[in-house]
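Note that subunit A is present in both complexes that follow, paired respectively with subunit B and with subunit C.
Take a look at the complex of A and B:
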């Protein structure tokens, strides 16, 4: 490995660590978690993104051997799917607010059980697998947004109904924007996969 | 300017998977046509199967036909596209298997569960059956559609992957560098351009379709999660319309690929061709509001957009394709056989079938015409005489015994039977529509019955002809997989 890239990895890792700790400070948490939209659509995705970026810094051969030992891409996608679905449940949001254990679990599981497995799996997936994940995620995000918008009751104890409605709208808008972005990447030819095993800077594309 | 010359390429036989697609298509197509006949016989008062069975059959006919022409279209697209890019046979086969699973679910829902809310599953009908069918039956039907959709998503993802890998992006697949820059003659062949377009619009359509299906499934069991009925209608028609339109854009690849082989003239992906496909890629997604023109609650700009884009999208690909075909055939001394005949007539059928839609897409006409038989008249013309003719043309091509084989008189008679039968059948629909006969009525007033009866006779002629087509294909199936020259060279080049 070239010196510059390990240098870059160290700096990137440091930056991510700082961001993670910042998110974990009481001030940041209070502010993020005060609204449902910020909690679900800013804090939690940020935790996943930190997990994704950090996992990419791991040595390639190490990623490959973990993948090989644990049964390939599909189990990793399934783990990420279940972990992320859990945190979409209103009850999980409530728990994170009221129970410190759940809050810690959230801070650990989102990077580790969503971001990390996605990065490992992504390297092995072609556009068929990646596109399948994206199209499913996008349509489910839109449907979930609709559920939040039309829910006849307050789904979280901790958030008000109008907060839940605006979170729903953000999800729908987010789904549309994500879909456009993803189609855009196909137009310019990204994300065909699988990434070459010897390529440095693993799992290079998001699409 | 790029110059175009014809470079002959060897003619490849179909892979077993393509043949499997086509055999399934034949069988289902025939069965669904018989269902179509049953509906016409009922409206003609020749039979009395009753409303329940009429609507069950109508639901199966709609869903079955749309699904099976998509399968047949996919077979044509895949057969030719794989000669340019590396497609996955596994995914292609998986799509057929998933399709068949979905079909079983739909059959069970309709035949056992009595579901009969039409293939458009328009909200809120599936969930408000007044005891005519159970929640489970409705869920099974919508679940079946969802399953079929998943298979097609996989197929299109694989096509996108292969095109991106070979050409470097879907933009390049549509030939954008040649369209917007200097035409260096290296634009992808028409088969790739068409497949790219279909893949883009179907991916968008299917994601929207899957979303509304899941929403309706949730609503079915937890009705307090309410769905805005207009939103649901918009999403369903967006998905349904894109999907059924895409079918003819898949099948037309047969015309692009096969006709040039007869006259050894190239089908050019020139700027005009590329521009029309790019334009339609966008317009096909905005054309569906012509089904919503009567829903006054939609914003006005939305409906006007539907009107205008409906007008505009009628033409580009149709004209480019029709003109292209003329250039291939004109004074070439082409030898007409079953394949070239069917492919040529399919362009005529497509053009004729598009006209009634153009007329119906006019807001003022739409108010009186839309829910009449005029609309089935329109889409049966372009689907039967356009799309299905392309499919049978392709089948005749695959099993043509040798380059100079002659068609028997029976086949030629069946060709004319097909053309006349279809025209008679669809003209009856159109005429009934003009006389304001509503669509989707199991029972017709006595004044309407004569048209229905005339139509029934034409349907019998059409069905008899299709039986000949299918019989020919199935009895010569062994030839489909072989590599040999099938097209008879035009007299101007044959020596």
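Take a look at the complex of A and C:
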């Protein structure tokens, strides 16, 4: 049993590594970043998801000890909030296109400072904590999307104003769908979001 | 640091401080959330030298950007096929010219509209654009940068990003630029701030 799970982890880790490197190739970056919608709503979420899936492969005892040493779930959630919000700044998007340092920072910080801390914190968050993370994220997405739709100016010098508007619409629609889905999990899955309740029962303690 | 709650509070505070500092640093003290604002803030703080480029105006005259040194120069970027913003840019530049005392025009202050589309904008199209707004080719020149490499370095120095749109034209960040007597870019304003822009120029005359 242990052997198969580590096999699975190795294969998964390899797959994620390949996906990460693929995303980092100039061809993939050019294509993803040519449109604001793909940049913000495909590439950046994918980087976070890679971080989330990769972090889940880390041994549980190791995750717990990192969490315990660094003050529990709350600082981890705050790190993820700051890092994800930063990459929503129009200026950060432009910088990622024009400044290689910013691009590298994006590729490192989205998995490491958004995906990784969310995974570590998630199992320790109560329903209310998870609800806070979800509603915060969903409302931010909706508000930002709305701003992009109604903004009288082009917020990114590197993107067409039409592109900004459609990215805005995708964000608003995405926020509504996410909200409905999350609301659904409240009734169906006990309100824990995408994750199963922690088997160790630690999911109820707010570290 | 013994109790976990205390530790959590301390580390959370540190994270908040650090995160706030990163935002402060990344937005020029919460003032510049977009690259466009950042460009303007940076120019105000430290005027930027411009590269030596050769231009060709609506009458086919060849000249250098550096020829303007010793005078104040208003610069905007256009392409003559533009049907939207550049049209109003023409009107705005005309308005600025008319707000400057006539005795300073040409002597101490000039205007230059630079096309970033040298393939389409030959002197004939530049002339046509100029005539629409009364650009005389002396006080106000409409010009292109024939050399692509020079054009690229000029756009970079000004911080102008030009991207093709789906109608065969371009979208670009549109603004009013003021180059000082030392040949450095010293001010970038919104295009709806023509009057304050002209007032700034008059104050410097």
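To be clear about the criterion, the second predicted complex is superposed on the first by the 188 of 207 C-alpha atoms of A that agree within 3 Å, B and C clash if a C-alpha of one lies under 4 Å from a C-alpha of the other, contacts with A are read in each partner's own complex, and residues count from 1 in each chain.
As a convention for this text, contacts are C-beta pairs under 8 Å (C-beta built on N, C-alpha and C of every residue); 3 or more make two chains touch, one makes a residue touch a chain.
Treat the numbers as computed from the prediction; the structure is a model and nothing was measured.
Student: When the two structures are superposed on subunit A, do subunit B and subunit C clash or fit side by side?
Tutor: Because the two structures are overlaid on the shared chain, the partners are seen to fit without clashing.
Student: So, A:127: does it touch subunit B (first), subunit C (second), both, or neither?
Tutor: first
Student: Identify the partner contact of A:158: answer first if only subunit B is touched, second if only subunit C is, both if each is, neither if none is.
Tutor: After superposition on chain A, A:158 lies in contact with subunit C alone.
Student: Pick one for A:187: touches subunit B only (first), subunit C only (second), both, or neither.
Tutor: First partner only.
Student: In the overlay, answer first, second, both or neither for which of subunit B and subunit C A:176 touches.
Tutor: A:176: touches no partner chain.
Student: One more residue to check, A:49. First (subunit B), second (subunit C), both or neither?
Tutor: After superposing on A, A:49 lies clear of both subunit B and subunit C.
Student: Take the Cα centre of subunit A as the vertex and report the angle out to the centres of subunit B and subunit C, nearest 10 degrees.
Tutor: Apex at subunit A; the opening toward subunit B and subunit C is 100 degrees.
Student: Hey, is it subunit B or subunit C that touches more of subunit A?
Tutor: Partner with more touched residues of subunit A: C.
Student: Quick one: classify A:68 as touching subunit B (first), subunit C (second), both or neither.
Tutor: Only subunit C; A:68 stays clear of subunit B.
Student: So, A:12: does it touch subunit B (first), subunit C (second), both, or neither?
Tutor: After superposing on A, A:12 lies clear of both subunit B and subunit C.
Student: Would you give the minimum C-alpha distance from subunit B to subunit C, in Å, for the three-chain superposition?
Tutor: Subunit B and subunit C, overlaid via chain A, are at closest 14 Å apart by C-alpha.
Student: Both subunit B and subunit C touch subunit A; at which residues?
Tutor: In subunit A, no position sits in both the subunit B and subunit C interfaces.
Student: Spell out the part of subunit A that touches subunit B in their complex, as residue ranges.
Tutor: That would be residues 126-128, 131-132, 135, 138-140, 142-143, 146-147, 150-152, 179, 183, 186-190, 192 of subunit A.
Student: Could you please specify the touching residues of subunit A with respect to subunit C in the complex?
Tutor: Subunit A residues touching subunit C: 68, 70-72, 74-75, 78-79, 81-83, 85-86, 89-92, 94-95, 98, 153-162, 207.
Student: Using the touch rule from the top, collect the residues of subunit B that touch subunit A in their complex.
Tutor: 88, 91, 153-154, 157-158, 160-161, 164-165, 167-172, 200, 203-204, 206-207, 210-211, 214-215, 218, 224-227
Student: What residues of subunit C sit close enough to touch subunit A in their complex?
Tutor: Answer in residue numbers: 4, 7-12, 14-16, 19, 22-23, 26-27, 32-38, 159, 161, 163, 165-166, 171, 173.
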